[in-house]
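Structures for review follow.
Paired with chain B in one complex and with chain C in the other, chain A is shared by the two complexes that follow.
Now for the complex of A and B:
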């Protein structure tokens, strides 16, 4: 529910009202916030005359775009895009611009806090770093003593560039139980494409003439450079075909939009393959030299005609046939976009396989305008010798998925095992900036799991829901206050990024490395030794083989080797698949009892009277982390429930009225937004609202939390969660 | 040297309504928080058609920097002025916050800033332009909807765009002579 729509009217209305009423809105300008912060307990670190332009990398989402921080009188007054930074194409989005409010946010964490009331009651006392870290070390050791070191789990964010130190702590402390976000995001995608190509490629959107996007809302779920290239490369020759049950802003920009029935994308793709092979439109030489299993595939897809697909995905057979022909004709400058977040249905790996295969058979591989394997600029790794512990068992979620990532785990499978203490107990949680209460589906289970913990410590910059339910909360310095290690960002054109402090860290906030080093000291010399380095030493070691990287970063905020993509680097070389070729048929999958080629099996239908709950991004928020940012908050102060007018009429519901949404695992109340922008059998709400934490003062009490409603179905090959398999009731609140 | 005449040319077909321009402007110009406080904005035009045949456009806008600005003629204290380069400005020392200009502006481009007691509006980021930089909304835009430049320079990108493409201005019938050009 974007609120800037009505602003013209509202301004005119406001003219008639008194100034007092206006002032009563109660939102302070940044100037006022700064003054308030400056007159609170501690002064701002800034000095008059401290004017600098500082190169750094954005930390508001996963993209790490190039930023120039304009520091005036010791304060960051503006974040500007770095025009040299290739990956972000010299732009900065709303979130990137709003980043300065992370630093000057009155809600930010200022000091270490120790819980004094019940968990979630919000009663804290300020503690010194010494006391807080002493307590964390004591609790970690106590739990390790009682339950082995695997009894402490480590949940980590990524993209801060300092998560490596947190994961190093997990390894050196001796717990195998690390968990990160991929199984809430793209693990099925990586698995499906890697099983086919041996790697997860990028899409050369800028140079592509024909793009099909399914389940990737690139005009709102911004990904650099893809989101930008999607419009930039268009000179009237580009065609964008977009499949989504919602009319998103990508749909508004697409040449064709099809409100596909959720969970049936695979039927669409298989029918495309059927047409392309059946009509002989595939890249015959490419298929013969570069792929394996074409004959099996050709036989397999005979059953999947467009007429068959129409019955499932509700897109006309004639359209499927035409799109398939146009796609093959535009190839190899055509791509079926891989997308990123792929946590939709429990057969998602096979859907991604199908998407990879349709690209492969038209030769959209390692070529201009097609899929391109990523390149990466090497940096020297920080080596350390992790202490060895004899009695530590394997990961608690071992074997919960066919291809489980050793470092990332499977979030929901892991949570189930923890709840059942199967095969052992986990009683301690260390959390680094991951807001798991908000991001892992079925919040009730997450809360139950946390209740089971003897100790929870969260490092964050704000009082997230996860921090709110912790025992110790440690304030991290924001990305604009930290020196971070260099990070090599892979892509069609890879770059190296870094962050340098634009201003001194405010209050008592500290970077993750400092926190880990000082925690390590308390956990014993063996662990402390692995952290015996400074950030400066670490960075110089990273560039020891190529010092030019650091020089360029200091001079222009980014390092790159080339500005144009290179194509065909894998030509004639072995791919990282079992056969060394593109696997249309996967022997590896067959040997594990999985379908060697994607087989469509219909999903459960929406029960009468219910709706399928959809999730999806907007360009204003990064998951559950930025809705409380004052700049972004006013773009979307709360979420709403999208419902098609037909369905609303049937239920007798009016636009704007509060409604109760109820699933098998939870419920929530939010305002109804009656809109044609969604299929009549689905509802949608934005992520990031319905928070539990009163430490998020702008959004507390506003909207509903999707994680409370979504059930936790599992994709068994990758361990990814399936977020589009929840049915809900909608009724007046 | 000929005086510059600044203008912005917009290609709204590129706009994805990401609001980067709005937030960038707020930060750059210290615009107070609040939904009705803004120097620029993106309007979501009404949805066209009915499900499943839909279309929608997004319309970014700001002060039109009119050559004949109605806000100027109604100002009782001469707080509103026009620079030689055509930027319409508000002199904070002279403005008494009477809001006549807000009512006069046909584009609703002005708002009342309670913090300063002054009416505020887009100035093409005059503080940036003065040092050779481009307005914040132009620079930050992911899809480069806006192009800023000097119309008195026939080789400038804005001049080339207006030469090559058809365009329109907002409410031309009012005779305000806007310098915000929309490509069509």
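Now for the complex of A and C:
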């Protein structure tokens, strides 16, 4: 087995290489940025001689990798990876390196702003925090008075380690209408795996011998440690089979790549199960002792032969059969990777169920090289008693999905109900970090929803499209300027992450906790009392049962209990399913009128002359948040539309020409990239461009917005959006 | 054999119905408020009742607690609750039990 501890870099070795490589880039770019900032007449000089190396955690994406900020003369000079930080394997990616630009970005939000023109017109006036927060509190109270406290919704997303203060505000203010990112993200995946295993597990990629990935572009959609482990392998015997309609950088690193027809992954998985059971290759003892519903499953998959699957997914039956046999032979050190992305189609939960089941029947569960339930290092929680308000109704999107998270909601279902005022009106929006205009499919509907709001307040570090369309914009301090609460990151090897201020918060930016505390004071003593603590007190409370956590964090920037995975922790224990076992057949689903086992139903074919629009990530950008970062902007200044040469020839289109892309809900213009890296029936564009906000000066007017084109099909079990069900026309612009 | 299967199905349906019925009529959000306000003071780590969260029991076990057990280790603990209060608390604990339908989140 590969030892994680061996993956750590010695600090001396790392600094020796990485500093030399990037120092020139950092110096040149900082000079330009600081000159640009100087035009704002702010004092920029750091403290001479203030030279420090500060442990913190990256905030550029979801991964929270370990960082050492090199502060020189009071300014962040460079960001390096923390070699002690096991989760990121001593790595910091391009986005992580570009993080210092979040602090020194001329486009960053500097002061509270109050809108003076029409919404979206971009006319603002600078306000004091007192005036801005007074206005926010006044508007929240006015809306609550008229529409109950449910009339104000709270949209937020993870990553800052301070989101829970925003959610605490929502709960204490009394609104049930919180809406978070999961229904644009993993909710269908989590549901499918949880219905099978009782939880959403991690994948022990480092120790796996055989990995199948379906649309999980791990070489570009970076996830630590998976992205790094996927490339390292152990002894060269690892095999990676990759299914994706696009030839991504993961495809380039795979042993086998199959450009599967979108929407048919389930057919591939069901045929694998058919082979594994039919040929008796399943883990018989494991299945007998740990699962329920095997007999039903065996009968169910008889219909799904590889020859049948070939007709749907366009992968040769012989290949499906061979992959299934190889997978079973390598098991239990074999993984059908759970993936980590939004829904492909409106049957995504059942696809994820099928993926979970194929892992289960070969015994890839809680074992080396297989799926492993996450471990977590406990931290004491800040508990508070939110006031109770008798007149507040249930969530507006109640019952819009079979398994609706009461904290996360369902974004598109909620938006539809708000537009219809069904069953009541929501007239206020509080937004924390989430750029919903860019993230939620069918942008026209989002804009319509915002138009009917009486008041919108956004807290962010930059003028996102959502901030651009708000009435009050509050500047948050960036992750390199904040002391954040500790964050326990679950995984095969869990860690506690640490984020402390590397430099003082610039301009008038403030951390979320400060903003919530000062807003709470204006909303009444009962709410304010729940925020009556300092960040220092909060952190000490978190480690009250284990003070060593904080000591280690200060000393090396990370805390962990162990450096090697533990396997078999769930053996003999009840899983969090209804039966307590792995559920190949789900009684719970059956009782709710859902398919108790995955049933393949073909999706709509691409209409003649049209293309299926695919979404996907690249390694430079985190959703709609980093395309305006100057360092990353140089890597990809605008997005393009991928189109296969056959299709381009048919349409008479040539590489590089501007094209119009049109769906049933919107359109956009961007440059054409004619490439073999995509199936002839699909097109693809990167996320994060086509912005409305002129406050993102580098990317305004560049490329097209995928959210404007994607239709808002709903995955009804989880409430997730189905991203791959939009067909588009492509024509010369 | 057919009769056995039918009886099994009936038993399953009856059990499922019983589960749902036992927790019906409660307001989960109000239950959370009441649980935190009135139960938590004794049910945190180090306190008299020991740490207690909804995840400590299955849905069935929570229902049994309210129909059969009724806090028998200290019955007076429930005296100050109205019938509706108890329904609300039951609903909250049921909705967030270890085997409940409340999904995990991401981030």
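Just so we're on the same page, the second predicted complex is superposed on the first by the 696 of 733 C-alpha atoms of A that agree within 3 Å, B and C clash if a C-alpha of one lies under 4 Å from a C-alpha of the other, contacts with A are read in each partner's own complex, and residues count from 1 in each chain.
By definition in this document, a residue touches a chain if its C-beta (ideal position, glycine included) is under 8 Å from a C-beta of that chain, and two chains touch if they have at least 3 such contacts.
Computed from a predicted structure; not experimentally measured.
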Which of the two partners, first being chain B and second being chain C, lies in contact with A:190: first, second, both, or neither?
second
So, A:200: does it touch chain B (first), chain C (second), both, or neither?
second
Which partner chains sit in contact with A:587 here, chain B, chain C, both or neither? Use first/second/both/neither.
second
Comparing chain B against chain C, which has contacts with more of the residues in chain A?
B
After the superposition on A, what does A:222 contact: first (chain B), second (chain C), both or neither?
first
Just chain B (first), just chain C (second), both, or neither: which does A:620 touch?
first
Return first, second, both or neither, reflecting whether A:77 touches chain B, chain C, both chains, or no partner chain.
first
Based on the A-chain superposition described above, do chain B and chain C contact any of the same residues on chain A, and if so which?
none
Chain A-touching residues of chain B, taken from the complex the two chains share
14, 16-20, 22-24, 26-28, 30-36, 38, 41-44, 47, 49-52, 54-58, 99, 102-103, 108, 111-112, 114-115, 136, 139-144
Residue numbers of chain A touching chain B in their complex, please.
2-5, 7-8, 10-12, 14-15, 19, 22-23, 25, 27-32, 77-81, 89-94, 96-98, 100, 219-220, 222, 227-228, 231-232, 247, 249-253, 257-259, 619-620, 630-632, 634-635, 637, 644-646, 675-680
Touching residues of chain A toward chain C in the complex: what are they?
62, 157-159, 163, 176, 180-182, 185-187, 190-191, 194, 198-200, 383, 385-386, 388, 394, 403, 405-408, 545, 574, 576-578, 580, 587-588, 591, 718
Parts of chain C lying in touch with chain A, wherever the complex brings them together
12, 16, 28-30, 33, 36-37, 40, 44-45, 98-99, 101-107
